[in-house]
Structures are given as C-alpha cells and as structure tokens.
Amino acid sequence: MSELLQFLLSGVTVGAVYALVALGFTIIYNASDVVNFAQGEFVMLGGMITVFTYAAGAPLPLAALVAIVATAALGVAMNKLAIEPARGAPVVSLVIITIGVSIFIRGAAQLVFDKQIHSFPAFSGDDPLRILGATILPQSLWVIGGALAVFVGLWLFFTRTLLGRAVLATSNNRLAAQLVGINTPFVMTLSFALSAGIGALAGVLVTPITMTSYDVGLAFALKGFAAAMLGGMGNPKGALVGGFLLGVLEGLTAGYLSSQYKDAAAFIVILGVLFFLPQGLFGRKSTDRV
Amino acid sequence: MTLLSIEGLGISFGGLKAVNDVSFTVKPGEIVSVIGPNGAGKTTLFNMISGVYRPGMGKVVLNGEDVTAMSPHLLARRGMCRTFQNLQVFQSMTVLENTIAGYHLQESGHVLSDLLNLPASRRRAKAAEAGARELLKRVGLERAAEREAGSLSYGSLKRLEIARAMALKPKVLLLDEPAAGCNAVETEEIDHLIAEIAASGVAILLVEHDMKMVMRISNHIVVLDHGEKIAEGDPASVSRNPAVIAAYLGAENAAG
Amino acid sequence: MRLTPKSVTLLALVVLIALSPIFFPSGFYYRIGALIFVNALAVTGIVILTGWAGQISLGHAGFAGIGAYACALAPVHWGIHPALAVVLGAAISAVLAWLVGRPILRLKGYYLAVASLGMGILISMVLNNERELTRGPDGIDVAELGLRGVLKDAGLDLSNGQFWYFFCGIVLILGAWLALNLRDSATGRALRALHGSEVAAKTVGMDVARLKLQAFVISAVYASVAGSLLALQNKFITPDVAGFMHSVEMVTMAVLGGVGSVAGAIFGAAVLTLLPQVLTVFAEYEQLVLGAVMVLVMIFLREGVVPSILRKIRGRGE
Amino acid sequence: MLLVEGLRARYGRIEVLHGIDLAVNSGEIVTVIGANGAGKTTLLRCLSGVHPLAGGSVTFRGEPMSGVPAWRRVGRGLSQSPEGRQIFTNLTVEENLRLGAYLYADDRVEKDMADAFQMFPILKEKRNLAAGGLSGGQQQMLAMARALMGRPSCLLLDEPSMGLAPIIVAQIFDVVKGLKALDVTVLLVEQNAYGALKIADRGYVMETGRITMDGPAEALIADPRIREAYLGI
Amino acid sequence: EIKLGASISATGPAAFLGDPELKTLEMLVEDLNAKGGINGEEVTLIAYDDNGDPNKARTFATRLVEDDEVVAIIGGTTTGTTMSILAVAEDAEIPFISLAGAIDIIDPVKPYTFKTPHTDRMACQKIFEDMQKAGITKIGMISGTDGFGASMQAQCKTVAPDYAIEIVADETYDPKDADMTAQLTKIKGTEGVQAILNPGFGQGPSIVTRNYKQLAIELPFYQSHGVASDGFIELAGTEAAEGVRLPGTALLVAGLLAADDPQKPVVDAYKAMFEEKTGTPVGTFGGYAHDAFLIMTDAITRAGSAEPAAIRDAIEATSGLAGTTGVYTFTPEDHLGLDLTAFRMLEIQGGKWTLVQ
C-alpha cells in the first residue's frame, strides 16, 4: 500500500514537472500553431539564471524573479529576431527555427554559464513529508502548486478574457485577426513573453529537485511535448492532465513493471490514447467544413 | 434506368437534424438541382452522398449497389465525383497537375512501376497530361496551366475544380455552388459546360443559389428547408410553389 | 535525354560526385563526401514523406537504427552476408513501417509527430536496453562489407575513404533517381495532392490511407539503407543512430534544403554535414553559430535553400 | 474619404494591378465589378493593408495609409469583410462577433450584437456553435455581421452576396443600402453586378488590373457594353 | 612541431566529463610549450568537440589522421566515441590513448590503442571487495541507462559471483529523470537487500542520493567513480551524501595522501594548476586526460622521435609512471597499465572525502 502510494507520489512529482513544461507550450501554440522546441531552453534558463544570480549573492526570491523576467525578455527577443522576420513561412520552417533557437540558446548558455550541474536550496527545506508511509519532498508540493496555479491562470486567460480569445483568433486566422483590429504582432510578443516566463518559472520550481545544467532543456521539451500532445495540444487542461498522467504512468511502470522500459510504457499509452482520440484527451477537433 | 437513388437520407449534429429523411432519384443525363435556404442541409446532403459524412439514416444506391457511407475514393471508382462549396484544390501544385490528379484512377499503376519509371507509367502519365490540357481548354484555364493553383482568383479556382472532376469521367457529378463568385456572363459559360456534360449522359446533382441558372438548366428541382424536403418538381412548378417562395426565393425572384 | 528538371538534377549529381574528388586536398574529404551522401539518402526519404505527402515523422532515425543494427547483427548471429543484411534491414524496416504506419498515419500534424517520436524512442530503447543482443549503449562492431577487397582483386584499388565515397555516391544517385521518378508519377502526384487536401484527394479516387502508408514505407526503406551504409563504413555503431537527435537532424536537413525537393535534400544534407566541420574554427562558439545559421537560413530562404533560390532565378527570368 | 492613386500591386514578381485610380466620397456606395481574376480582391487587400503596395498611394480621410498596419486601419474606421469569409472557424459564432468588436469594450457591443442577431436570426440560433460548423451561407452572414461589429466608417465588402439564398441576397443589399443612413461609406465588390449597381451611387469596371470604365451607377447599368459583358442581359 | 590530435565530447550528454578533459589538455599543452616543448619541439594540440556522437568522433578522427596529419590521438570521452576513433587509429597505425572506461577498449589488446581510466570492471571489483569485507552478500543495483551506467551494470553482474555477491534487484533510470523514488522503493522492498549500488554520472546519482535520504533507506550506499568529484557532494547535499562509499582516485584525497605516496607530487601539481586555471575543483575525469597527456609526452620524449610507430613502442614500454589515476606500467599484453591498487575506497563524511582504511 505504502509502496503504491510512493510510486504515485513519485509519478505526481515528475508529472508536475511535465505539466509545467507542457503548459508553457500552449500559449505560443495557441497564438501561432507552432510548437516551440525552444521551450525546454526557457526552463533551463529559469534554473540557470536563478543559480547564478543566487550565487552572486541575491536572495533566492529575487534571483527567481530576475530569472523569470530575463527569460521572458529573451522570449520576446526570440519572437522579434527569429519568428517575426519569418512570418508567413510554412509551419515546418518555423519549427526548424525554434530548433535553431534552442541550439543557439544552449550554445550561449554553455559560454555564459558553464557546463557543470547546479542546484539551489529547496524553498521549504529538504525534510520529506510523510503520508501513510510514503514520502514526498516539500519542493514537489511547490511544483505541483505551481502547475495548478499556472493552469488556472491560463484557463481563465483563454476562456474569460477577450485578449485570450484574440490569441486563439490569431492562430486560427491571422488575416482575419488583423481585419478585426487585433494587433497580431503584439499578441505574438505577449505569447512569447508569457510562454518564456512560464518556462522559466518551471525551471525555478524544479531545479531543486532535478538540478540543472546548460543541456537539460531538450529532455524537458521532449517530455513536455509528449505530455501536451497526450492531453491535446493547446488546451491548458490537456497540458495539466497530460503531464500528470505521463508522470504517474512512469512512476507506476518503474515500480511494478520495468524501470528500463518506463518511458516505453509512457509512449505506448500515448500511442494507444491517440489511436482512439486522435486529438489527444482534450484537444478540440478542427471544425473546418468542405 | 435510375442511376442514383437517395432513400430517406438523414443526419444530426448534436441534436440538430441537419438533413431528415430526404429521398429522390437521378437518371443518366439528367440535371437535378437541390435548392434551399442557407443552412437547409444541401452541402450536408452532398457530404453524405459522397461519403464524406456517414449518414445517420437512409441509403445511397448507385447503379443498383448500396454505397451508403462508402469512402469517397471507392465511390470515385464507381463513377461518382464532386466539387466543393469551400474550395478544395491542391494549392501548391500547378493548375495542370491539379487536373491530372483527376486522372488518378486511370493513371495510377503500381507504386513500384512508378518508382522505376517503367514505360507503362510513362505512357499513362502522358495520356493523363494530354487529357488534362484538353479539359483546361474547355473550362478556359489553358493559359494558367503552369501556374500554381494557389495563385488563382476565386472564380478561376471554381472552374479548376470542375475540370478536375470532369477528368474522372464520372457517371454522377455533384456540383456544390459551381457558379459562386462568377458574374452573370461567366455563369452562363458554366451553364453551357454543365449542360454539355449532362448531354454526354452524366447524371448531375447541382446545388446553386443563382436561380436564373437553376431554372435554365435543371430537369428537376428538389427543395430543402431545415433538412426536410419541402417541394420537388420541374422548374416551373417549383418556382410557383408558395412554400418555396416564402422560404427561399422571396417575392421578387418568384417566377413571373 | 530531354532537359527536364529531373535529368538536370541527376546529371548535376553525377557530375558533382564524379568530379569533386579532383579538388580534394586530402583523403579526409572522401569521408565527408560519403557522409553527405548517406545523409542525403535518408533525407530523400523525408522529402517523399514530409515534403510531398506532408506527414511529419520525428522517428525516422529508428529505421536508420534498424538498418544499421541489421548489418551489425545479422552477419554475426545468422551468418548472413553484410550486403544481404542491408536488404534484410530494409525489409524489416518496411514491414515495421507498414505495421506501425497503419494506425499512426491516421493522426495529423503534431499528433503524428509525437506518435512517430514514440516509435523512434521505442526502437532506440530496445537497441539500448537489449544488451544481450545489441551490446547496449556503448555500441557494437560491424562486419566488413568486403566489396572493396573484391574490387581490388578486380584491379580497382581504392582507399577505404574513396571506396565509401563512390559507393555511397552511387547508392545516392540510385535513390535520387527513384525519388525523382516517383515525384512526377501518379503516386508522387497523389502524395502531393493529399498534402493539399485530403478530401479532394479522396474524391478523385485516391486511396489516401494507402498512399500515406506507401510513402511511409518507402521513406523508412531510405532511412534504413542509409543507416546500413553508415554502419558498414564506420564498422562500428551505437544506438545514437536511432536517437531522437538523429531524427531531428534528418528533418532539419530536409527543411533547410527545401523539404519538397530532392536537390534540396542533398543540399541540406551537405550543409548540415559540412557545417560542424567548418565551425570547428569557432571552437566553443560552434553551437551558437550553428543555431544562428539555421535561423538565418530559414528566415531568408524560408522555403528552404534550393526552392527559394530556384524561385528567385525563375522570377528573374520572367 | 478614400483616395487611391496609381496603385500597383504584385504577387511575387507578377504585377496584377497596374495603376488604379479610384475615389470614394464620404457616405457613398461605390461598386467595383470585373471578371474573374481582374484584381478586385487584390485591390481590397491593398486598401485594408493586408497586401503591400508596389506603387501608388492610398489616402483615408486625408491621411496617407502607407506603413499603417492592417489592424490599425481598423481602429481608424476602415474595415474589410474579406473574400472567402475568413471567419474564426475554431471559435464560436458569438466569440467571432465579440472579436469583431475587439477594439471596443463598452455597452454598445451588446447592442450591436443584438442588432446583428436581429439581422441574421440564424446566427443567434447558432451562437454557441463553432463557426466552422456553419453552412457556407451562414458563414457569409457571420462575416458580414462581424465586419459591422467593428463600427466602420468605411466598409470594404468583397462579394458579400456569394453563396447566399436569393432572399438573403436581397436582404444583404438592403443592409448595405441602409448603411448609408448610418453614414457608413461602402466600397462593394460584387459578381452580382446588377444588384450591386442598383444600390450603388457610382461604379468602376476593372479589367486585368486596370480601371477601364467608371461613372454613375445608372449610367453603367444602361451601358450596352456593360450589359453584355457583365450583366448578361 | 609535434601535432597531437584530440576528439573530446566537450558538449553533448557527456560534456560533464569532456569539458574538464578538454580544459586539462589545453592547459597542459600551454604549460608544456612554456617549458620548451618536447625535446625542444613545440607541441600543437588539434582538438575537436565530437558532442559525444560516435559518428562525429569517427569523422574527426579521420580528419585528424588524414587532414591534420597528427602523430597521435588522445580522446574518446565515452566508450562509444572511443570505439569509433579506435577503428580509424588502428587502420592508420596511429597511437591512441582513450579516456573511456569500458574494458572492451583494451581487451583484447589492439596494437595502437591504450587507455588511462580504470576499467568499469575494476570499479565493480573494488566495490565488491569492500562489500565482501563488510559481509554483504545481497545487493540491489540502480544504474543510469547511459553508456557509463549500462556498462558498469553489465560488468558488475559479470564479476559479482567472484565475490559471492548476488544482485537481487536491478533497476535503471534515464540520466535526465527527475525522481527515482519509485525504483528505490522497489529495491528497498526487495527481500534480503543488504546494500545498494548506484553506478552513473551526471545529476542522476545526486538525485538518487537525495531520494535515498528522502526514503530514509538505512542500507550501506555505494556509488561509482562516475561521481568522484566535490560537485557530487554539493549537489546531493552534505547530509544525504553522508556515508556514501565509492572507489576513487588519489586526486580526490590529495590532502590525505601519505608524503611518500608516489602519486602525491603529480596529484598536487595538477590539482593546483587546474583549480587555479579554471576556478573549478578537479575531478576524476580531467585526471584521465592529464594522465593520457603525461603518458603521451613521456613516450615521445623517450622515443626521441615523433614517428607514430616509435611513440607506440615507447608507450608500451612505459613503466612506473605516476599519474593522477594511478601508477602506469604498460606491457604488450596490458594496455591499461593499472591494477586495483590504483583505486582507493573513499567515503564521504561530513561533506568531505575520506579514505577507507
């Protein structure tokens, strides 16, 4: 019993990380239909900038804030320098651009920072909390809370605000969006700032658990991408559920089946889900008619 | 004698009966028009007949065979083809290639033969190209043959779709608003084209809001409203039908 | 021969492969050439699948892995000649692609991408974890192809580098020829058509599911043969060949060069293969510059290098 | 109100508009007719700012529009209902309309929406349906309604009657005519040339990228060349 | 001018190892040239970063041999890259010293290939020796799935019976995983486990160590030489790392070495130089590069020639050469030149490395 609970807690911890990354994907995707493969680098930057600002003597909350703001600014720069100039290019080209940017950021990070592995103290100490014989680190609760908070924020943004709707409209039909007066360049800038900020927040929250280094971005991006697709791309609910589901699956597989093939199990489940729900769990079907 | 027969076809979308129990038949060489207000279910009806949607009820019988919900590519083999209200062209291919695509069934052999560019493949490709150029001439697009389809104006794309459908040498042709976006003179050209195709023995099912055209060329008209068939008959009788005038034509367009 | 785009591409390729060695300052360049050809072969498969049929795969390295490990394992375990192992690998890849392709090709866009990614990861996981068979992440030796020795006995004495350069070059010419044949055939046209509109493709009688599957299988075979050639010339292979990064690299090469064009595939492969060699002068700035180059190319030549340039040339002509 | 001088436009290297001169006065309804591919849509795209000019100028209310992005022109009162409807297929009908009034956050939005629903009752029925599920004609109505939500002072309409039932076509033309009373200027591109000319004050005829004729609407209707080439009478 | 080539994984998944290796080589070459080079000749280092990609490593090896015409090659951070370089070096008959762990590199012996690190098998043997002394007979393993972890896992399984040790639980994790409590819980719950061994490098082992503490597992905990650096203690946290045992090199316990320890001078010198130059603490991996360079330059000096064949012969004749990893004595049958004594059993106590007596 306590074993099962431990596997679940392990899964939830990991799942919260995936969910946070997956949530970061949704905004840029919703604004432009582009899956931003540099999203993982935002997570990395969130962690690394915090590490180095903290090491330079800033208090941890300030360091985290600096990291989030700086990364958001970088997101905006990415949009202005790499995405906007290629406006109108096919989506694959844009995706390749995001891969190029991710290589670029990684290359820059290894120069600006270093190639070592880093971490900083957990926010509420390292003493595990005990629940029915299983344990969870307080930092995991921070990550879970962060994922939930970001989810609620995004959900409200997309369903309750006109600006959120404008973001959706921009990706659905950019031409029409302009013709109703939506400042589409601004929408893009905003999306990149938000996505990057959420990515950085993820980095800040997870680093005490997973550590960070200049090259952690790719792994985050991959798992986050898989989680987002499992849930249904573009839907915050999908990102959240997809992330947790993926994490729990891995935890249970590692515990009961084979830790060697736990990622395999996760992907098999994704394939299975997509077989029956080709748009993921909560993805919306495109409604274009002929 | 009946080529296509629609028997009690119907479908719902989340409670809304978009099409409900519609029946009629089409004979070879006949032009049957389906008219009705916007949202009456005409396109949906076409989508069911052509296998894009699976009907919730009823049957589609083509040449004596029950082809209900059969995949469009299999229907194409049996001689049914259509055009679309919301244009469906192959944007990044040239106009010529778009038309050759219509020859797919006649042209395609085995993929290995294509890979190796065997003489059989080459011969079929040549024949398809020649036929396609001929068709483009008929719809007045021969000068645009080498252009990318995406660069054509709306009206030209409509004709391209017709050319592509004609390439299949169909027995039944479904045309969804072929004259939309064309002016009166251009519409007349399309008229002639459709009449010509019908004259060669093709059964034509037409959806169109241009009443002049409908009245001119239809042998038979089916009127839908809210998914139901509200009237049926020859152009003259339909255009005098008060229900049709009220729901669709408006006083101004009524026959007279 | 009529001067069609096809014959021009093939002719240029033949001339390039035959004459480039004149300018090689050292034997090392044969190695680079051979690598370019191998990559170009795999990318040609991507052109068929992604460029024409519009289906994105992030798992094609898995097929390269199958091709590579077929060459590593079949000769040792079942005494099959390495040349036949290439065919065996291609056959396994084709069958696997056929089995996997049927369910996953129903998916669209990124959903297909993630499904194929999963497939690739499963393959690379098996290669990593089944140590008994594959010897795990540290890699495994691959038998000698032996053809070079045969040529030598026949009086054609090539260095190892030269042999692989010409051998891979010839295979690439063959691969490009097949792909170019396909492009202008009924099948190729149908693939490009379904990319444009699946419903319309169906209504003109195209069996969309089957066509996609054909493209998937063909491209898998290209990747598999490329993987085999890589394994045979390196005489050693690790599961990296099946890794996600390799899949991404293939797609990147294709898009960079121009995803719809065979010439683009070759060009893209050449650029991304040469770039790391050129960038060594930047030492630790290498990654930075690589990323920047990718972004800049896609911004300024957004359809990929070859189509963008062709369009410019053509535009000037008019 | 809207002044176009020597306007040229290209797709790639191919020029499709070769110097268009055109003026629309405040409160006028002006219609442009022409064959398929004449360049009518391109002209409107240039005016609304979604297609770049290759030469010439566009002046709106005395201000040059060069360098003013499309979304900003909307704020200044220049709205377009584009060809091919271009609705937000993934959003609901109501969301489409709200986005039509994206620039406004006042009470009038609700009132305008009520007006729109009154004009096209079917849209009210379908308000919570994803707009992509609408029939072609319903989408066309939505596009028109959405453009009106933007409170334009000058409305560019690209074939608003396309795909509409005859009853609705008559209604659309009535609406356009009614805009005059609201002091909205209209530039109308139509294939239904007869209907359009009947409600218009003036008209232009376009052929392969050039204006070949213009004049008062009645004069154009009466012109035998027009009657033969465009009205089919 | 003597041209030495190197292909190192300075970036990519093994950057954690390759980075200090490359820095070490660059530093040593500079230092050597400042001292007048070898036999009066300047040494040029041509180093490429292979990203840990074996295919790239092979290309760079070919480039080093064919284009740059180096006389010898150092490198191959990982076993995979090493095997790729090895094929090229053997073909071209160029001496090659690898920095990777697998025993396959030098067993069977290939004429031109040598290596500096202990083999992964030796690490296992050293650990099991220690376990045996403590009377441990049943253990659980949790290994990374990267080359290092997987190879250790395999070797340990091979030699465990020699020490009467049974591996009763065998789990793995991906190097980038975020949480290993599931695997550890499973091991913990396995009947009869007396100790746990975690071979791996990078952040994985630090997370495992923290999870170990989180789950309050009381069993003796063994790590491998993959984490033999101060950075590990810092990342895992002093508290969690307390009591962790692993086989390490003299480098980590420089301060604790006996004054007459033959390795002391070289260890002290390298540590001082590296830490001054880079500002980061020395680790085992930089030490491998240091030793490879030492062996190479020593051989060239003794050979009195920069002919590849002569260098090879001289390397094979190396005897009693003290490096940071151990004291090397090569023979035609042994291209590793180290034995188990080169490993020292270390234990972390109070956040410091201590020698297990």
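In order of appearance the chains are A, B, C, D and E, and numbering begins at 1 in each one.
The working rule: a residue touches a chain if its C-beta (ideal position, glycine included) is under 8 Å from a C-beta of that chain, and two chains touch if they have at least 3 such contacts.
Keep in mind it's a predicted model, so treat the numbers as computed, not measured.
> List every chain that touches both chain C and chain D.
A, B
> Find out how few touching-chain steps suffice to connect chain A with chain E.
Step count on the best path from chain A to chain E: 1.
> Between A-C and C-E, flag the pair that has more C-beta pairs in contact.
Here the pair linked by more C-beta pairs in contact is A-C.
> Going by the average position of its CA atoms, which chain sits the greatest distance from chain D?
Between chain D and every other chain, the largest centroid distance is to E.
> Just how far, in Å, is the C-alpha centre of chain D from the one of chain A?
Spacing between the chain centres: roughly 42 Å.
> With centres defined as the mean C-alpha position, give me the chain A-chain B separation in Å.
47
> How many angstrom lie between the centres of chain B and chain D, each centre taken as the mean Cα position?
Averaging C-alpha atoms per chain gives centres 29 Å apart.
> Determine the centre-to-centre distance between chain B and chain C, using the mean Cα coordinates as centres, and give it in whole Å.
Centres of chain B and chain C (C-alpha means) sit 42 Å apart.
> Quick check: what residues of chain D touch more than one other chain, meaning two or more?
In chain D, the residues touching two or more other chains are 133-134.
> Got the chain B residues that touch at least 2 other chains?
Expected reply: 43, 52, 84-86, 88.
> Which chain E residues sit where two or more other chains touch them?
10-11, 145
> Considering only the defined contacts, which chain D positions touch chain A in the complex?
48-50, 69-72, 74-75, 79-80, 82, 86-91, 95, 98-100, 102-103, 105, 130-134, 146-147, 149-150
> Would you pull the chain B residues touching chain C in the complex into a rising list?
Those residues of chain B that touch chain C are 50-52, 71-73, 75-77, 81-82, 84, 88-93, 97-98, 100-105, 107-109, 111, 114-117, 121, 124-125, 128, 164-165, 167-168.
> Residue numbers of chain E touching chain A in their complex, please.
Touch list, chain E to chain A: 10-13, 15-16, 19, 142, 145, 171-174, 176-183, 185-186, 189, 202-203, 206-207, 210, 213-216, 231, 235, 237, 239-240, 280.
> Over in the complex, which chain A residues touch chain E? Could you list them?
Within the complex, chain A touches chain E at residues 3, 6-7, 9-11, 13-14, 17, 110, 114-119, 126, 128, 135, 137, 206, 209-211, 213-216, 219, 250-252, 254-255, 259-260, 263.
> Inside the complex, what are the residues of chain C that reach chain B?
Touching chain B from chain C are residues 178, 181-182, 184-190, 192-193, 195-197, 199-208, 214, 218, 260.
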